[in-house]
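Once you've had a glance at the structure underneath, I'll fire off some questions.
Per-chain residue numbering starts at 1, and chain names A, B, C, D, E and F are given in the order in which the chains are listed.
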Amino acid sequence: MSNSLDSYLVLSGLLFAIGTFGFLARRNAISMLMSIELMINAVNLTILAFGAFVPPLNGHAAVIALLVIAVAAAEATVGLAIVVAIYRNRKTPLVDEYDSMKD
Amino acid sequence: MPIGDSIPLLGIRWDDILFVVLAATLLVSALLVVTLRDIIRCGLALIVSFASLAGIYALLGDPLVAATQVLVYIGAISILILFAIMMTQTKDAPTRLVFQTQAWIAAGASAVIGVVIAATVLATTWPAGGQRLWTATADVAHLLFRDYVLPFEVVSVLLTAAVVGAVYLARREPSRREEDRS
Amino acid sequence: MSAATPAGGRIRSAMGLMRSFPAQFWSRLSLQERLALIFVPAAIVAGVVTVLAVVLLGPPFLDFLGANLPLVRFAVAATAILLLTVPTAFVLIYLELKVIARMNLRIGPNRVGPWGIAMSVIHGFKVLSKEDFAPTGADITVFTLAPVVTYMASVMTLLVIPFAPGLIGQDLNIGLLYFFSMGGLTVVGLLMAGWSSFNKYSLLGGLRSAAQIISYEIPLTLSVVGVIILAGTMSMNRIVLAQSGSLLDWFVFKQPLAALIFFIAATAEANRTPFDMTEADSEIVAGFATEYSGMRFGFFFFAEYVNVFIVSALVATVFFGGWTAPFQWPWAYNLNWFNPWSFGFFGWLAIVLTVGYFGTIFFAVFARLFGGREWGLWASMGLGFLFLLVVVAGLVVLAGFIAFDWVAGLVWFMAKTYAFVITFVWMRATLPRVRVDQLMGFAWKWLLPASLLNLFVTATAVVLLNR
Amino acid sequence: MDRTLKARLEARLSDHLRAPVYQRHDETEIRIEPGSVPEVLRTLHDALDLRFEILADLAGVDTGVAMQVVYHLWSPMTSDWLRVIADGISRDDPRAPSATFLWIGAEWLEREAYDMYGIVFEGNRDLRRIFMPPDYTSFPLRKDFLLPDDAARSPGAGVRHVERAHVSAGAADPAAGIRRAPAS
Amino acid sequence: MPAHQHAPRTSPARATTRAARPHPQPSADDASARQYSSADDPRVMLDRQVGALFEPIPPYPTRTEREGEFYSLGDGEMFLNVGPHHPATHGVLRLVLKLSGEQIVDVDPVLGYLHRGVEKICENSDYYHVIDQVDPLEYVSSLFQEWAAVLSFEKLMDVQVPRRAEYIRVLSGELLRIASHTLFMGFLALDLGGLTPILYSFIERDEIVEMLAALTGARMLFNYFRVGGVNGDLNHEFMSRLGDWMTRAAKQTEAQAGLLNENEIFVRRMRGVGVLDRATALRYGVTGGNLRASGVPFDLRRAHPYSVYPELDFNIPTRDEGDSLARYLIRVDEVRESIKIVDQCLHNMPDGPVMARLPRLIRPRPGRAWGACEGPRGMLGVYTISDGSDGPFRFRIHDPSFLNLETVPALLPGNLLADTMAVVSSLDPVMGGIDK
Amino acid sequence: MSWSDIGTISPVVIAILVAAAILIVDMAVPGRRAPIVATALGGLGIVAVAILIQAGHNGRAFGGAYSLDNLTVFLDMLFVAIAALTIMFAVDYLESRGLPIAEFAAVLVFAVTGAMLVAGSTDLLLLFVALELMVLPGYMLAAFARRDPYSTEGAIKYFLLGSFSSAILLFGLAYVWGMTGTTRVDGVAAALATAIARGSIQPGLAMGLAFMTAGVAFKMAAVPFHYWTPDAYQGSPTPVTAYLSVGPKVGAFAIVLRLFVGALGPLKADWLPVVIVLAALTMTLGNLVAISQDNVKRMLAYSSIAHTGYMLVGLAAYAGGQQSGLSAILFYGAAYTFMNMGAFAIIAALQRRPGVTSQIATFAGLGRRDPWLGALMTLFLLSLTGIPPLAGFWAKAYVILAAIQAGGWLTALAVLAMINAAAAAFYYLRVVVYMYMREPAAEAGPSSPGLLFRAGLAVTGVATLIFGLFPALVTAASNAANVFRG
């Protein structure tokens, strides 16, 4: 099982689906951000699985994964900064209460 | 008599057991991340899922990425997330609804996505061998600084931009000025 | 079981006599005899079983172990490291108590054991036996897990530290990266503790520690990049080997700025004075540990001292040559004539008896002479014997130091590490605490640019010199 | 004893003095009405030949017939301590103007006087108990305070109206909660 | 929120939830948020709504304008209760801090945890016992409190104190001032996280205290001064200890100061922190070293001379910065001056009696007297009203720490939490005196 | 990496240096606005010169990860123009709200750097990273008025949906990479060509492409992936909205050109129906919802969705075999940039005083109150409607022409586009009606935009006119930039 690419890809697919669920279903901005992190991690798992099983992709996978991790870090930084900024204004972390423009 | 690749009587491979344990931890903790009511526990579950992912990376033969995963995701991103949670969450958040009203639709949609991905994966023949390959750290370094140097540098610019913007956004203003509503 | 029933007197009494013979026999025995009667056969059985097991199962078991040497090595190393942390913490705690006391012109612990050396052991027992309570309103699960996370995070870093040639838990080729990633986990535990304690001081301490450790991890990591460039590897063993020539090969001489930055940042990373913001007792009581007591507090306490040891060990390893000797050890391989097996068993017996007999008397004389009249004969003989043992043990270590590579390495490593441990203790006795904003400002405004400068200069120099 | 001080004081404050200026050792003492405290203190502080810059002490006194507020002042212009006694404050409804407009440090001193004597200083924006617990109802340094009874009386449930009296000015008798001295 | 009061008791959290939606806009008043509910806990900080929910201090309606202002939380603020059981408060001081992050917004000192009613006790004692009673007030330098009381009584009774007694008072007082200042330096360092200076301080203080024990018979609560003199002449043990100490006092002081004066961390944490400017200091009635650090050369030993100080040669050190570092350095300078005074006392010590001739029972004529002396922390005053009986009718104690501490709400806002202890400690309060 | 590589990407390098220079200038002279604006505009001018020097050159750098061709030059010039105009429009707006210009300009230039990299990238990984560099500063710009709840609210929605779409795009990219074994666009195209030649596409690859399409559709706000657009556009500070409505949109189309046209060209016939449906849905829904909006910013947000639909028509035309569809997209992008930024700039001008909303009532009587602004707004709105002889007319004409030439279902799409254009006239002209037929609100005073702002308005206005009067000038450039021709 651990030697088949399929199992890793299915695992990453499930992780991606869980992340999607979290993103769509949660109300809390930080929860949604965490779900996005899960999705990006699923992508990383996919990339590394390809890298580990497809010989020509071997080293490339690690590089791409590292760069994706860095991008995710930048994204999380900005996202949390925005969350903190909006919290100062709104005093609530729940995204569906940010509805001042629906008029 | 060295220990074989598999458990003597059952014939299950050790790697498989490790994989199953790690994958189960990963999925369970990921589910906890998206379902727990108390958001700080979601953050802690997120750390667990990151850690099990690091284990899976190590199993895949990428210790460098595994260590980076721990360093960046657990050591930095999770801490930032916990920090932000402690700074912004109201304590009564768990007592409120954590899910949108259309959560069931979302669950259905995500289940479909998961099934589609799984089915696609199983239906595809991959250009892959059946053996995991160990990634040499030196190769990664050479690739990073030869083939991927432009994305690497762009990422550094990206991080700079993110820091500049994040510092601006999260900084507390000394004077509170009324700004207009657009 | 009562025999005193009204009917059927004689027969029953005879049978009762017969039946109660073992009971009567047992009741006639003294306590010692009873114990002997139980334990001697048990011991015999156990011994036989053991011998049989060793004889029958030993060779295959040893074969099994031998065949799985890497796995066994790993298991043994992990266990040993886990077990070693507690004595290490004990030694460090005692050292700190004593050294700070001397620096304060105090005596320090002097009641438990000679010179109070058992003080920290007693502390350990005290911590174990204290009530372990959690405040009302605390998040008990997280509250309980937090010290474990912190402790495990610091213990796991020990795995990649090369204590001596061959004495390393696991020589990962990304050893330094592993170290930093594991070291960064400590903060998770502190944050958990701070949050779950239901206390504002704890929360402040947890948040402070998160901010502090994240800030100082950057210069800490950047400062060793120069070393990685010079050594060409992240493996701890090979970093040590890269410094194995003479004193001048130590990276502290090639990377002095990096060594300074590393030391300062490591101080902050280990939450030591003057950067012990997280438990600044004059400000936030005990920070994240305010609500902890008993063994849960003990975990934090041990983790702190294990951290000090690890950080010192890392400074010694990365910048001060690790287990390598500062100069070429002249006699390392010239003592082949000293072959302990050439004496034979009786030769050794003779040596031990002679040395023991005359040595005891020799030292007993000194004890009598200098100890004064209050020392009785047996007391001075006992003291002489103790002195003899100390001297003999020292001689044996010296012989091992000379004869075996790894003993010498271990001694050098420990000497260097404890030098830095003492430096940390010294700093604690000397320096006041900096303020939070000064702490963060120092990391971002001074250490980070300095480490970047160091990295830049190192890389430039390497490129220019290699061309 | 600074004779010139007496002359200066009489020149400046003749309207407010209730009694002749009294001097003994290195102390000069004047008595004024409680109502004229702000004016007198302002004059003492600001006048160029007086310049009593330092408020050495502010004390409440219960003489048994009336309340007093006693100020001790120090000035570089004289070698004497100046004692200002605001005399004749009613024991039943002790009120006096606050000195915080001049010496903000008087805030706590007045809180102490209030805590011990129940003197309400009008103009002090933080006049609450300082030493005694907030739910305490008696004023222990008053001469009609009986130790065994009054000290034991600390109901621990909310605040008596005495406490709130000064918040809404013109409320009921502020000393109503105080136990009277026995008539003997 | 009246609906809240009728909510079922079993589900306070649910009730809060219902009340919280629709969520209050940023400008909404927080009246609804001030309902206290035990289902909440304080672990989430920096939140106005929750902060208000979780702060049950004070549990009673606020009584004054200032209290109401203090106990209402602004945007992102929280309360932090420092003391009375805190490792670094001096005695049993309690400070309620209003914090924004780690920055202090406001402070409300809460006193009274050590209040014993000394004034009341003294009004029920006779004049001899008063001296006994005032000793534990400023327990670090109790002679000065005795001195103030004795000065006041002597004025009441018109007693002339013998010159030798005055010299002995100055000598012992200045020794105790040195001990007190030395201890201040050690505690200041301790509050900044320095472990060692406090022990060096105790060594020096112990020498002085043992010396005084030889003179007075007690180490801490001396009960030495008497109306009309002192209780006992200089003895041999005291003189020999003093002579011994004097040979190394100056050097020891410099060594002690050197531990901290040149410590970069120490100086950076103190400089510019808790600045008390000249005008504010005067308005607050601050006295002693704290006032002199703000540039006012007010020292009763020169400003209103008493005892034999006019005969002695010493300076009044002042500084203009008014920050914590200045307050520390003033004390270092004062130790140097005090050593000079002790030296002069030893050289000028006259012969003669140490007690004036007085009746066994002190019973002054009715009258009022104010006696004040310069203690290590500032002006100590005693205002006595005599009604002709053998005890004071009114015995008012003025303690300098009281007013020095009052400046804390003015000094701390804007600084960080870590500065709390540095600033409070640099004011050198002694809670025994403050709480009486 | 060699010096020639760096020479090839020199405009990008210079742009990064400009951003750094802005931050350094801000550090050197804190609190001053003029030096920062001068640095930013001057720096962008240098970047423009560096781009123009490269015009006509072809080259590849970094082993084929970055390609320099006319398309790169065309898009780079467009992005620099967008950045310069945004800064010109933002100075007054930010100053009146006490917001710092330095961070704004630096972050904006970073974003433009990302966009320029997107324009030239022929590598999947570089494309993704550059895309992030383009959109991440966009999130921060959207939240730039951090005290304003609307701004942060729009930003968090933009951020969450943007990150979500990035994750989806990345998932697709990962599968494409795993299946084709290369990150180079031409490598992917070659692998796809062989796969088609073999006659079958693996399900995994198809799924990757599907995820990728969804991700890109999010980025360009095509229906049904458009949810974030109205809130993000309405909440952001108006100059930022001006930037967001064109910068990331043109960037998204750059991705489309590089990725779909460059890499997935072999699959053209397969994604034609998808694009047709997307285009039809996008323009119809955008226009329909825009009609009911009272807030002009929100209205323009929906109208920008509709314009995405028109641009997609061009893509559909290309997929239908008509190469000129791509040229039409490029022309559309350029024309849309100037007219849309102009329209937002006028809203920003009205909002120069804090407190002015972008409700349609704000525009009442603008034509009399401030004739110049009113005239310009009318010009931009007419151009957006597609009235000849203005830029918008030719933009739409080219797109629709390409679609009709392609024939088949595309003719129907072209007809739908025309109907939509007619419907759009309704809400655009409603604003014109308000400007000229309604009485101004009592308190509305004349707005007095600064010199820089006037210059920016002049540029957009003149550009709109020139595009309309002399379309051949631009078509020459856009045809040259269509590197996929032939």
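Details
Heads up, the rule we're going with is that a residue touches a chain if its C-beta (ideal position, glycine included) is under 8 Å from a C-beta of that chain, and two chains touch if they have at least 3 such contacts.
The structure displayed is predicted, hence computed values, not measured ones.
Each step here moves to a touching chain, and the least such steps from chain A to chain F number 1. Ranked by how far their CA centres sit from the centre of chain B, the chains are topped by D.
Should one ask which of C-E and B-F has more C-beta pairs in contact, the pair is B-F.
Using the mean of the Cα atoms as each chain's centre, the chain most removed from chain E is F.
Computed from the mean C-alpha positions, the centre of chain C lies at a distance of 67 Å from the centre of chain D.
Averaged C-alpha coordinates put the centre of chain D at 76 Å from the centre of chain F. If you average the CA atoms of chain B and of chain C, the two centres end up 34 Å from each other. Multi-chain contact residues of chain C (touching two or more other chains) are listed as 195, 203. Within chain D, not a single residue touches two or more of the remaining chains. Chain contacts: chain E has residues 26, 41, 43, 45, 47, 49 touching two or more partner chains. By the touch criterion given at the top, residues 1-11, 13-22, 24-28, 30-31, 33-35, 37-38, 41, 44-45, 48-55, 58-67, 69-78, 80-85, 87-88, 91-94, 96 of chain A touch chain B in their complex. Taken in their complex, chain F has these residues touching chain A: 125, 128-129, 132, 136, 139-140, 143, 146-150, 152-157, 159-160, 163-164, 166-168, 170-171, 174-175, 177-178, 181, 183, 230-231, 234-235, 298. Contact residues of chain F toward chain B in the complex are 1, 5, 9, 16, 19, 23, 61-63, 65-66, 97-100, 103, 106-107, 110-111, 113-114, 117, 123, 125-126, 129-130, 132-133, 136-137, 139-140, 143, 145-151, 178-179, 181, 202-207, 234-238, 297, 351, 353-358. Against chain F, in their complex, chain A makes its touches with residues 16, 19, 23, 29, 32-33, 36, 39-40, 42-43, 46-47, 50, 54, 56-57, 60, 64, 67-68, 71, 74-75, 78-79, 81-83, 85-86, 88-90, 95, 98, 100-101. Against chain A, the residues of chain B that register as touching in their complex are 13, 15-16, 18-20, 23, 26-27, 30-31, 33-34, 39, 42-43, 46, 49-50, 53, 56-57, 59-62, 64-65, 68-69, 72-73, 76-77, 80-81, 83-85, 87-90, 93, 96-100, 102-103, 105-107, 109-111, 113-114, 117-118, 121-122, 126-133, 135-136, 139-140, 142-144, 147-148, 151-152, 155, 158-159, 161-163, 165-167, 169-170, 172.
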